[in-house]
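Each structure below appears as structure tokens.
Below, chain A partners chain B and then partners chain C, in two separate complexes.
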Partner chain A sequence: MSRMEFRMQHSEFRTVVRLALGVALVAVLAIGDAFAQDAPPPPPRGRGAGAAGQAGPGGGRGRGGPEAGPIRRLPDGKPDLSGFYNGNGRGANYGLENHPTQGLTPGGQGIIVDPPDGKLPMQEWAKAELASRQTPARGYDDPTAHCIMAAGVPRAFYVPSPFFIMQTPTDVAVLFERMAWRRIPIDANRKHLPDNVRLWQGDSIGHWEGDTLVVDSTNFNGKPWLNEAGEITSHALHVVERFTPVNATTIMYRATLTDPIVYTRPFTIEVQLIRDPEGEMLEVACHEDNQDLQHMKDVKDAGTGLK
Partner chain B sequence: MRGKILSVVAAVAFVLAAAPAIAHHSFAAEFDENKPIKLTGKVVEMRWSNPHAWIYLDVNNNGKTERWAFETGAANGLFRRGWRKEDLPAGTVLVIQGWQARNGSNTANAGSITFQDGKRLFAGSSNPNAERLLEGK
Partner chain C sequence: MSNRPGLPRHSFAKAGAAAVVLLAAFFVADLPQLTDHVAAQTAAAKQIPRMPDGKPNLQGIWQVRNRAAYNIEDHHARLNMPAGRGVVEGGAIPYQEWALKKRDENFANRYKEDPFSKCYMPGVPRIMYIEFPFQVFQSSTHVAMAFEWTNVHRLIYTNGSKPVQGIEFWMGDSRGRWEGDTLVVDVTNHNDKTWFDMSGNFHSEALKVTERYSLIDADTMRYEATVTDPKVFTRPWKMSMPIYRVKDVDRIFEYQCVAESEEADGTFHREPKTWYPK
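Up next, the complex of A and B:
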């Protein structure tokens, strides 16, 4: 195949992707309507949310510098968050705390802004479980290695993989290139799903506080890992995310995680989401040729005496 | 073809450091930092697949041909870095540095590839540490 032929195919592919994104959004919104309920949402419980424009630690501006222009807005005056983004995770996919590079595991600058020491306030049992997950034999247990669903909440916003935000006055949908999507209804009369419904990404409800989109999520199943390091959440997880646009290309993203089974107190992370006006979503069929899974299963079996 | 390959190398080399590595699993769990390898061979196939692309290399080991599989970044990540399907044809001679899989198979994570004329590419390794480790930084 010549380069021209390949690029023509790519052009057609992009058209297909655009159509697929549109269909996906319609499907997401339709599915969401089927779950619509009537009670008001729980009050926001976000901690330490910063004001619009407040810079975070190590917050590189990327494309979101002063030249980026003012916050984009929809006709109703609400910020327009839509577009193609990359999260500036600063190594959080390999540990939320500031940590050095160790062997093949990359270092990270740390994205925890509360508690002030930047440390995860883990309970003792969680420290032991984390140490176990960091042995090679446990690498197989990270659900993303199996290409299962999205990276989870909030991991999907700091993994090194782009995503596309679509927005209407009543819904925000996030399409993660690597896997899956997430729908956030903006509905002041909505309540969370019954407690016995447990989901990989939880059940999310959004509302606006000024220019900040606040998203309250519960009903998690406790299975996702927070990163490749194996940091932990349980089914008791409650996440309050705050999407605060700083300018036309940067969203300050904060998430406060409350999980009394795993942690001794809530903690808050912060990363920037950088919009790339030229970026486009590509197809990722994650399980197409997932040879890693067998390799990691071999290591797990060897580590547990099964092989 | 050689010119085409080198033009791609030159065009994309500067963006590699900034481009995020795309992976879905822990490198340290699958590959062994204590098993660095450096092999020379001919490309049998460049497979554009997910969640990682693979370079299959035939390596002459004392007269016996061994086939090795080198994991790179995901196909979408390689595409964004400027790689195209025709840029690494079968028969291309490469030196590939990386780390062998912990399961002991002829499988490795590709840290860098070097063409016969010495051009070196940190070519979409799924390991974001590859350049630092290979350069001893």
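Up next, the complex of A and C:
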């Protein structure tokens, strides 16, 4: 399967998943539409996915990491993170916890490495809110369904869509193929924005700790969802990301999320970012050809008795 | 007279000769200064930031200060459209007859039809002169342009690679090379859905754009775009404008066009439990 075909499948995939969960009559009609676009569902992820990858088993929870090797370095000795990458999200865009394949929703092994049980430490209200977000009518409320393409931190690193890292002595800029970008200034003396300035992707400040790029992000607006399952963060979110190259092609990516509005304690996720030396930046035109949103609105309206 | 050593004092002839010598000495003595002056002027033009590999360093935050976003031709003021001088060399765009009619139709329907007002990706060159800043990141193999407007970006390859075949892009396919101190970028693989401005100036999918980026000084670059589209124009034409370094900010923000328009019309609505309260 070519990369383009793979991506087309994923761009259609959300529609298919939501519709399968949707109200029967609307769902049937709309699935007809979705399949009319020639998009068969992608192969299930989950248990089999790790074996298919080039980088070996996933890094989380005792599965062993990728083989350590020499890393690429810049003339100044700092690790060279630049290049075209795919995040090996292992189903995290459909749930951060270990979850089975359900209908057309791909399963996943889970990417939470702390707490040790691999579960999101949700407050009670958040559990109820998550359940609400998982009803078909709420699929419409995921900002990415509206093609608001700043998937957010850390979601952009485990959605099934590649990205390009551009590195200079003062900045790391990440260009996401889903047409968004994020700048990480590397400056330990930089200060975060005032509290009243809020951004989709927050305000990021990076610094090097040995060979690890550590990025501290605050000032989130609380709008992005963590994935299509509707997992939650709020404007109180504080993220510390760690990019650690372990060999010439793999970066171990860890993100610790602290959000006292939603969770009872911080939690940490881990995924591998795998470099593709042959990669090229294409373009995802989501909003320009958004077929999903109307379907989801139909589901929502049917579900809430508006239509 | 002069206290310069060795100057003769006792003969007009010698004095005359001395004057010549003196003049020559004066001239010679000042020559290095003159040379410095000329060199300094030249250097002012050449005092541009450079990368470790010697190439001009285009990195930083940039924005135009013209009205090309509204109309790339000369235009007078209208509602929500300030007057402005055009950026097209020679004044008018050389449209084919049918295309000029089409442009005028586009202009009449611009509030409804402008793809930019629908939050669609603006395409190249339009993204370069809308009224939002962008930031350039540069390496020896790539130049990345990151735009405030809707988080759109361009990745320009300067590694000798060839364009992707057979795929049209809203933002085109950009392959660059250095010609002396000028970054020359061939932008191909356009679709036919983008406009050049808010006034309906348009092109077909046969569009090819050749951009030239040259630093005039540390804080100004000259931007030129040569536009070729045999389906729409009678000949290639060129637009040209300065783009200025934005020096009073250390970052650019996010303007998520879809989010802002859908929050405003109620299509995408507030989640009070999680959104920042203001």
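In the analysis below, the second predicted complex is superposed on the first by the 239 of 307 C-alpha atoms of A that agree within 3 Å, B and C clash if a C-alpha of one lies under 4 Å from a C-alpha of the other, contacts with A are read in each partner's own complex, and residues count from 1 in each chain.
Going forward, a residue touches a chain if its C-beta (ideal position, glycine included) is under 8 Å from a C-beta of that chain, and two chains touch if they have at least 3 such contacts.
Not measured: the values here are computed from a predicted model.
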Contacts of A:V299 with chain B and chain C, given as first, second, both or neither: first
Contacts of A:E228 with chain B and chain C, given as first, second, both or neither: first
First (chain B), second (chain C), both or neither touched by A:P121: neither
Chain B versus chain C as contact partner of A:R138, first or second or both or neither: first
Set intersection of chain A contacts, chain C complex versus chain B complex: 147, 282-283, 285, 287-288
Chain A-touching residues of chain B, taken from the complex the two chains share: 20-31, 33, 47, 49-52, 54, 69, 71, 74-76, 79-80, 84-86, 99, 101-103, 105, 107, 109, 127-129, 132-133
Chain A partner contacts - residues on chain C that touch it in the complex: 52, 59, 119-121, 135, 137-139, 142, 144, 146, 150-153, 155, 161, 164, 167, 169-171, 193, 251, 253-254, 256, 258-259, 262, 267-268, 271, 273-278
List of chain A residues in touch with chain C within their complex: 4, 75, 82, 125, 129, 141, 143, 146-150, 164, 166-168, 171, 173, 175, 179-181, 183, 185, 196-201, 220-223, 232-235, 261-262, 280-283, 285, 287-288
Contact footprint of chain B on chain A as seen in their complex: 1-3, 6, 86, 101-106, 136-140, 142, 144-145, 147, 160-161, 177-178, 228-229, 282-292, 295-296, 298-299, 302
